[in-house]
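As written, the chain order gives the labels A, B, C, D and E, with residue 1 at the start of each chain.
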């Protein structure tokens, strides 16, 4: 198991290098000069040149990349150009917040999808299954930023039940408070994933129910709950895999939802940084997300291997 | 050449099988058995046609209107879906806007299916290093969450519908390629590929005549299911202000413009959202039914 | 009463594209105590469906009708709970493909123990011990070790033995075996068939064995039922059927199999079996039958009895026409 | 009868790689196999699953590249050829595969499946279709079948298409790799008959691979028995079936269920015990020794060579040698 | 009533305003900013002018402060940390600042000349130990004309400018002073422990979520009424509106203009007031049709400013016909009075040789502070211009990209007629940076290339004039020229829209970017 994970980690290195190159280059081709977000609009070229040198932007690209990567590997993601803070200080809390939101959404989506998906796979012809199928399709078609606004309109402005923005009441805090602030963003974020996951769970479980070993289990006369356990365990690698991918999608779509809910997450930070040409933040942010995504897939693979002896021994 | 082996006679006495309907007809039959899919197809057809024919069916031009007539309610006389912040007829703008929206939903998927499909097939068919290089490179792109990648590309290239299409295309290439690759890998193992190789056919011919044919429906079904997603990514990018230039209407862009009004005049704001929703829901329903009709499990 | 299992007019229908399609169309059979009934038939003739129907295993939307009596008890009217008690306990089943019949994610020993725990009030340790015993009994070397293996770590023959051990775990009265050796090599097949004989001798259970291989039937059967297009066309003592087949289909089947030293042309049955979605009128074999007449395409032939325990469903037999061999 | 195909010491070891691409070991799938095929003769190859039958067939077709050996077709070593001359020779060897559901392209009409081989060799579409019709006719498929998609064909019909596709290039040699194994007995007989007929009709030489002894016996003039990548016995069919020399051949024959009603299972020679060893790590010396009821210590040390045990009849067993020399 | 609001445990208020959550007890103001993140509270806060508004001037003071007390006239300068200043008759480039003696930093250390020198060294002296390149980059332009500076005694500092430069005081409003002690001890971490002299003290901040400031009881200008000010970044205007309506914030910057009537009805206070800020199109007058003054005037006549301000923006802006708004001392009555007159516009176009109009491209922002509702407004202008024959293609780009591209001048590879950019006009140096011949691109950012000798002369005079009244007179004349010559299309002046909860009392909306929170209380 440990060697499996290590091997996978080794395989990830080229991918991560590629990611870092793209991250680096992506920002290089963005028009606009980060210097402009530092100096006053009427600054002279000489004033700009000074700042440019300070930022190391006057070196050749390869050198810039080398320097950047060298520092990144040491955990130094540089300083934010516009916010004058170490990037890590800016990103890590934001990443934590995004992970809270994304994990809550993924967990909610996962649980709901599992229940509904398994139910409709077991009773494909039932009306409830048809209803769920319709609903999950519908949820896939809903733009989540739009849903977010509507949710705020209903639950915060009109009914006043839930807060409309932020992740804590001013001066307040604590678990209950966080949960209250989580509900709407989670709902908006999880929505489309619930649809995707439900459908996937349903088709996976339906597929497993067709398999011979499930018939064989029935033929052995074991309890239905035991059979369900077998079904779930067999479906779990696929389901987890897709949930992992969805987690990535959720992580990404958080940009939109975070903006609407003023959720202090990494999506907002990156989006703002793109606007401000704050290269170090964008580079680090995208890198962090991409790495998180890659690691997440590794985790999913590892769970898969832990659950499936065939993979483990391959 | 005239041979009449005895077995030929055996075979001739096979139970005559009546000429069965063509494949397309069979698929259509299976498809049309689902009422929801038919309704969705109808909705989609209406939306697509009225958008394409917008200059003829829209009651007003896309930028006609007086600011004094602004923000009329849904159902107002002469303005079925109300007017927007500049006093323009929302229905007309939706219809005109649909052209770009649909284009930005369909074109990236089409392009990415072609590019991703080709890459996937090449990777899947040849395997080995070719596969490693192509698929690992795509993995890199895939490691970037889609929307972020699209935002990045759009930000790099500047706003505009062309750039949205380009970035959405890039975003959708890796998943298509993955589907195509795994399908091509499967097909590669089939004996008819070996048979083709042993008849002396080169890789190009085999890919063109066997592999593409056999992965087509998988890629097709996946792609159709992505149109709705793509529509949403594109409108999300427009929503973030990376989309079209005014006064060109586009759904995501309209939604963005009207967003300010959501707590003031919600009904007017809801219209573009509803259209995005309806279109993508219909697309999903159609693609869903289609995949069943083509008997492809996803 | 020498019959352990009596099946009467068993009918199993699937719902295919909202149409009800029968895959088993009125099968009547008896399984004698301690004897082996071989069900012989081509692919798609409904052998597996019939076998699963005995345990009331069906996909959603399927319907089973008729009567299945185990030692006089009607099975089809039993509640799901009661059926759970019978499955694996009084009737056990072995599936065609041992690899797909085992859950790939669970250890083989645990899967066998599951059955024991489901039906016997035993603790885990005791169940484990019994599993080891069983594995030893079916000829798996070092069973203590082997029970911790996953299915993919075992060879085909070993897996099939494990599946047999699982089926034996509750000493069932009746063992249903669906093509247990089709996926195996001949040398392994011979081992498994011998194992069947040995356990039958030891446990005295009845076996229903499904196969399409006449050779296997010849080796194993006390009784044979030949199935074609969802129906039994011939049923009786094995020796009689193999030496003097009555139904034209059985005749064709036996002759189409090359024998030792056979040369020259094989007398093949032309054509292929009908699809269950497009059953012809009349005798379902008529279109392939070398001796069929116009009248064969109407109605359904009933069974004609030969001697003590041999019957076949053919119009020509009803008319006592000799069938050309 | 002159030989049109001579195979000498052909071998193939598959490299098994770990996750990171390191070579973990090799599967010796085919090891130093030699045989010859007479013009218009039929060579049957039998053996258990995994013994290298299909690999051998693919090596002959050069679908995979052998590690060693020669394949001489009419005096030319196929392995030395490339480009146009390889294509030319390849046409003379065609193959019919096992699985009727994967052996023809389900998305191509029956006719195009057959015509494809001709297109691949530069025949015009029009001409190819015309020829394809003729060959479909020859395998007993009517024009109404030709325009259909394979999905609506039965397994037997599909194999007929596969046979037509192989024949359409006018090969001299057809390799049938378990071509009837997946078919029902009644249909299998139809296809076997078809092979027999076509063989005469087109003056074919046939390599007939099967794990069914009866089928091989019925089809072949000569038989070659393989075990774990090696040939253990070969010779004229009658001799092999009536006077099997190698213990493995004997065991195979004994294990095959026969139609004799009263013969109980394993009533002949004792059935083999144990399973096939892993090809990743085959036993030393004689590969059969782990399951051989007569194996001695010597069998683990020495690798037996094929030696003559009768007219045209060879077997690879140390014990035989002993009995012969003794 | 506000007075005793400060005293804890005022039981009279408790029964009356139970719903207003103990406001009688705690004076806490929650502000929803339009920034996406909270400003970093260094001496030059991030998040642009909004950072200066809510963090800079709350935590810190400059030598010269803005007087934000009178809503009826543009904010004027007033003494800040410098009590008074003068230039010498003999050498008008030498300024003497007399520092306030009763000011202390929040950490208790005194404010004095050393602190000023320290602060200036921090941004001027590159070899200074505490030199901060980024702060220097941010504040650089404020000290562009400063040649040298010197401590005279503990409370006197002199500054020498690079020429006669009367605008210096305006420049100095952007230079804030932090505690040298704190900067030395915290080092790089200073932004997490900022210490200034301002009316509020830093308490805590959570990035992306909130920044809490507390009353500075010993503020030299008198303690503010509020106990706490809390900033929350809510970048989406609808979300800000929702938060205000849901009672999560008391103060919302720029809510959607559309919500004004609704908010008014619900009892919220809508704050608007003109201030030095303009939303124009900077025209490329060097070549193409815009070279012709008639064309520029035509465009200015073609725009329905009333319609935009009143209807589209719901009264959140007023028409602009020159850089300054009517009521500002630099505003000129004599400038061309651009009314909405499409006929005149067409006529002028015809005279200029464009009877059928022409087409051109405008680069506009998609968002950005001070831009209000840019896309909608641009669509509106686009329609107005189209009506007189000027066919505008809008290229919308993101605000920061626009700024980057703006300072690089008009693109050479394609025709661009104008940049739409929102600009503050608080300092007279505005005239020189955007219109002086000497500032023509690439020497400066007069990217349109506008040049007028008369204007240059007036700007020169204003820069050398220390008498405020006379200086204003020159600038007024400059305004008139800018109106007549129309190097820009003037559209509207933003009114600095904000909405306050009914319980927020005492806020005066000044004619300024900035806001004085010290008079605010919660009821």
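Criterion: contacts are C-beta pairs under 8 Å (C-beta built on N, C-alpha and C of every residue); 3 or more make two chains touch, one makes a residue touch a chain.
Remember, it's a predicted structure, so these values are computed and weren't measured experimentally.
The fewest steps needed to get from chain C to chain E, moving only between touching chains, is 2. Looking at which of A-C and C-D shares more C-beta pairs in contact, the answer is the pair C-D. Separating the CA-averaged centres of chain A and chain E is a span of 38 Å. Remark: chain A and chain B have CA centroids separated by 24 Å (rounded to whole angstrom).
Centroids of chain B and chain C (each the mean of its C-alpha atoms) stand 49 Å apart.
For this pair, chain D with chain E, the centres built from the Cα atoms lie 88 Å apart. Among the residues of chain E, those in touch with two or more other chains are 236, 238, 242, 245, 398, 401. Contact with two or more other chains is made by residues 265, 268, 270, 272 of chain C.
Shown for chain A are the residues in touch with two or more other chains, namely 31, 149, 153, 157, 271.
Chain C contributes residues 52, 55, 57, 59-61, 80, 83-89, 92-93, 95-97, 100-106, 114-115, 118-119, 150, 152-153, 163, 166 to its touches with chain A in the complex.
Against chain B, in their complex, chain A makes its touches with residues 14-15, 18-19, 22, 26-27, 29-31, 134, 137-138, 140-143, 145-146, 149-150, 153, 157, 199-200, 203, 207, 248-249, 251-253, 255-256, 267, 270-271, 274, 282, 286, 289-291, 293-294. Note for the complex: chain B touches chain D at residues 1, 3, 5-12, 14, 17, 19-20, 23, 189-192, 194-202, 205, 209-210, 213-214, 216. Interface residues of chain D, counted against chain C in their complex, comprise 48-49, 154, 156-157, 184-190, 192-193, 196, 211, 213-215, 217-218, 241, 251-252, 254-266, 271-273, 275-276, 291. Within the complex formed with chain E, the chain A residues making contact are 31-33, 36-45, 47, 50-51, 54, 81-85, 89-90, 93-94, 97, 149, 152-153, 156-157, 160, 163-171, 259-262, 264-265, 268-269, 271-272, 275-277.
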